[in-house]
Amino acid sequence: MEKDNKRDMISRRIAAELKDGDYCNLGIGLPTGVANHIPPGITVYFQSENGILGAGPKPEPGMEEADLINAGGGPITAIPGASYFDSFWSFSMIRGGHVDMTVLGALQVDQEGSIANWMIPGKVVPGIGGAMDLVSGAKQVVAAMEHMDKYGNSKIMKKCNLPLTGYRVLTLIVTDMAAMRITPEGLLLVDLAEGVSLDDVIKATDADLIIPDNVGTFN
Amino acid sequence: MPRIISGKEAAAMISSGDRIMVAGFLVSGCPEYLMDCLYERDIDNLHLIAISTDYDDRGIGRLISKPHVKTLQVSHIGTNRTTQTRYKAGEIDIEFVPQGILMERIRAAGAGLGGIFSPVGVGTVIAEGKQTLEENGRTYILEKPIHGKYSLIRAKKADKLGNLVYNKMARNSNTVMAMGADITIVEVDEIVEVGELSPEEVVTPGIFVDYIVKKGE
Amino acid sequence: MPRIISGKEAAAMISSGDRIMVAGFLVSGCPEYLMDCLYERDIDNLHLIAISTDYDDRGIGRLISKPHVKTLQVSHIGTNRTTQTRYKAGEIDIEFVPQGILMERIRAAGAGLGGIFSPVGVGTVIAEGKQTLEENGRTYILEKPIHGKYSLIRAKKADKLGNLVYNKMARNSNTVMAMGADITIVEVDEIVEVGELSPEEVVTPGIFVDYIVKKGE
Amino acid sequence: MEKDNKRDMISRRIAAELKDGDYCNLGIGLPTGVANHIPPGITVYFQSENGILGAGPKPEPGMEEADLINAGGGPITAIPGASYFDSFWSFSMIRGGHVDMTVLGALQVDQEGSIANWMIPGKVVPGIGGAMDLVSGAKQVVAAMEHMDKYGNSKIMKKCNLPLTGYRVLTLIVTDMAAMRITPEGLLLVDLAEGVSLDDVIKATDADLIIPDNVGTFN
C-alpha cells in the first residue's frame, strides 16, 4: 500500500472512535490526518495545546497568520465558536481529563500501554513538548504509528526500551496492520487492516497479543 | 506602574549569569525585537527558561547561536538545530520540562506556592529523584517553582499601566512568565493611554509589568 | 457540547448527598435562579463548596435555611447569620478554607494535580495535620484537591458551545468551578449562536460546560 | 478624640507608608479609610481580592452595580485603567508578592507579628475570607486597629491567644495610640499619636516594646 493510503487508513480508523461533540487533540505528523476523516454527521472540536479550542483547517494560501498556529507551528484557522486561552489553562484542560482524545505518533509502544516518542539517546532529542501532559490527562490516549520501523523491527514491544513519554497511559494503538486496545488483561487485537492476515500481525508484533474469537477489519 | 524604555535599555539591564524567561510558542508571542537587542549584547552564561528555542534564525533561536546561553529549562528544541547540536556537543545544559508543567512551575513561582504534585511523567526520567505522593491510586511527583530574574514577554498593546492584550493565540506563556520573574519587560506594537482598554478585555493585569518597550524603539 | 435545559431539569439532576459547588462572591456571579430551583427540591445531606454562603435571603443563603446542606467547605460565613447559627448549633459541619486556597484546591482538581504546597495559614489551625515542605527557609503545607460532582455557575452570556463571558467582576470563582466538577451547569442571561463571541473575549471555554440554563426558564 | 477622628488618624498614618504607583489591598472596616488619605501627588492602585485592580470610590447613589463590589460586598467603581480577573488569578497575585501593601483590621496582634482576626471561639465565627492569603503574600502587612478593646484590655499582646490569621506576618501596626514596626529584634515603637505620652502607650501595651531614642508623632 502507498504510504499516504496507509496514513489515511490509520487516521480513518482512529476517527471512527470519535463521538459527536468530542474534544480532540492531534499531535503533529501522522495524527494530523485524523481531522480529515471525521465520520459524517458528527462534529469534533480540535484543541491545540498552545491555546485554542476549535482549531480549523489550514488557511488559504496567503491567509496564514503568525499567531494562529498548531502545536507544530503550522498555520491553522479558527472555526466559529473557537476560543483562545493561555498555555497554563490549556494544559490544565488537558491534564484535568477534559479532552476526550489525544492522538500521538510513537517510536515505540508496549503491551502495558507505555509509549516512547520524545528522544533516541545519542541521536535525536527534540524534547518533550506537550506530549507528556497529553498522555497523562486525556480520556483516550491513542498511538498512531507504523507497525514496524524501516529496518523491519516491530515497534509494538513487550516493554519499550527507549526513554518513555508515558508509562501505562495508552488506551488504543492503531498501525498500518492492526488496531489494538490496552486492557487490564493485556494488549487486545481488535481489528486487522484490510489485506493483513492474523499471522502477518503476530509475526510483526513483539508484544504478547490477546487474540479474541472475533477480529474486525478496517481500511 | 511600569516605565517606558527602549529595547536597548531593556537589553542593557540583563547581565551575564542572569536567569531570564522568554515568552512565546514557536515565535508567536515571542518578543522578537527584544531578542534582537539582547543578541547585540556581549554577555554569557545566561540561564534561559522558555517553551522552546523556536527556529535557528527566528525568535529565541538566534540567542542560541552565540555563547549567551549556558543552561536551558525548556520543553522542546526540535525546531532549532543549533540547540540540538550545541546540546549534543555538551556546550549547553538542558533540563527538559513537560510543557504544561513548565507553565505550572513558573506560575507556582509567581503565585507564591512551594510546589505542585503533578501526574505528568510518572514512570519516566522526568520523575527521577522527585518526591512522590500517592492519592486515590494515582502517583504524583513534586514539581518545584521556576523563578526568573527577568521575563521578556510580548503583547499586542499595553496601556501605560502595563495592562496587556494579545493577538489571537499569542498569549501562550506570557501571563505566567510576567508573574514568575522579579522584573518583567514587555514588547508591544502599541502603547495606549490609560482608559483605552476595557477592564474586561485585559488579559495580563499591569501589576505584573515593570517596563514597556515599543517594538523597534 | 452542552445541552440547553430548564432550571427545574437542572435542579432535578442533583440528589441528596451530592457534592456541589456554587459559584459567586456575595451574590455577584452566583446562579440565583438555579438556587431558587434547587431550594424547591426536597433533598438533604448536600456537601456544599462555595466562597461564602452569601446573605440569609439571597444567593446561596436560602439553601442554608432548609436542611439541604449538611457539610460546607467555605471561606466566609460572616454575612449569613443562619449559617452561623446552624454551625454553632452543630447542625452543619464546616471546613473553613482560605479563599485563595479554595480556588487553588478546586483548580487542582480540575487540572489533574494531586495537591499544591501553600504558604497560607502556616502556624494556624489551617495547617494542623497537614504534610509540610521546607523550601528556601519558608514552610508550605500540602493542600489537596477539592472536587465536586456538580458545579452551578453563572455567566452573562453563553454561546451554544458553552463558551462564557461575564459581567464586570462576576467571573470570580466561575471558571475554576467549571473545571473542578464532573458536571457543570451554567445559568446565563442570554444564549447566543455559535460564532457570536469572539475567540479572544471568551473567559471560560465551552469544554468545561455541560448544561446551559437560561435564567427564569 | 472622636472615633471618626481616631480612624482618620490611623488611616492617614498608614497612607503615609504608600509610594507612587503602589498596589494596595484594603480590608473591610477601618482599613477602608486609608483610600481617603493618599498623600497628594501620588497614585495608588487598589486591589480587591474578588477580582479588580483599580477599584475606585463608592458610586453616586443609584449607580451601584451588583457585579462591581469590594470584598465586603459594598459598591465600588472602576477607575480608568482598571482590570477584572477571576479569584484564582487575584489570589495568585496576592500570594506571589505582587501587591505592595495589605491593611487589615485585627482583634489581637502580638510582638512577633502574628495577627488574629477571624474568629472568637464560641462567639463569632465569620470565617477566614481572603485574610490568610493576604497576610501570607503582600510585601507590607499592616494591622489597623484600636490599641485597647472596649473593656480597656490591650490588643497588642506578647502572644495572641485567639486563633491566628497569620503567624509572624505583620510588618506594621498602627493604632489610635502608636505606630509600631515588627523587626527581627522585636516590636519597635516608631510614632506616638499626638497627645499620647510614651507612658500611656507602655501602660496600654501588653507586648514588650522597644523604645528608640527618637520617637515621632502622627495625627
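Note that the chains are named A, B, C and D in the order they appear, and that numbering of residues resets to 1 at the start of each chain.
Criterion: a contact is a pair of C-beta atoms (placed from the backbone, for glycine too) under 8 Å apart; a residue touches a chain by one contact, two chains touch by 3 or more.
Quantities reported herein were computed from a predicted structural model and do not represent experimental measurements.
Any chain touching chain B that also touches chain D appears here: C. A separation of 29 Å divides the Cα centre of chain C from that of chain D.
Per-chain CA centroids place chain A at a distance of 55 Å from chain D. With each centre defined as the average position of its C-alpha atoms, the distance from chain A to chain C rounds to 35 Å. Listed for chain A are residues 52, 78, 84-85, 91-92, 95, 136-137, each touching two or more other chains. The set of chain C residues that touch two or more partner chains comprises 104, 107, 112-113, 118-119, 166, 168, 199-200.
Arrangement of the chains shown, judged by which pairs touch: an irregular graph that fits none of the line, ring, star or complete shapes. Contacting chain pairs (ordered by label): A-B, A-C, B-C, B-D, C-D. Contact residues of chain B toward chain C in the complex are 104, 108, 112-119, 133, 135, 138, 140, 142, 144, 165-166, 168, 199-201. In the complex of the two chains, the chain D residues touching chain C come out as 48-52, 65-69, 73, 78, 84-88, 90-92, 94-95, 114, 118, 124-133, 136-137, 163-168. Touching chain A in their complex are the following residues of chain C: 1, 107, 109-113, 159-161, 163, 179, 194-195, 197, 199-200, 202, 205-208. Contacts from chain C toward chain D in the complex involve residues 25-29, 51-52, 74-79, 84, 87-88, 96-101, 103-104, 107, 118-126, 166-176, 203. If you check the complex, the residues on chain A that touch chain C are 20-21, 23, 43, 45, 47, 52-54, 78, 80-85, 89, 91-93, 95-99, 136-137.
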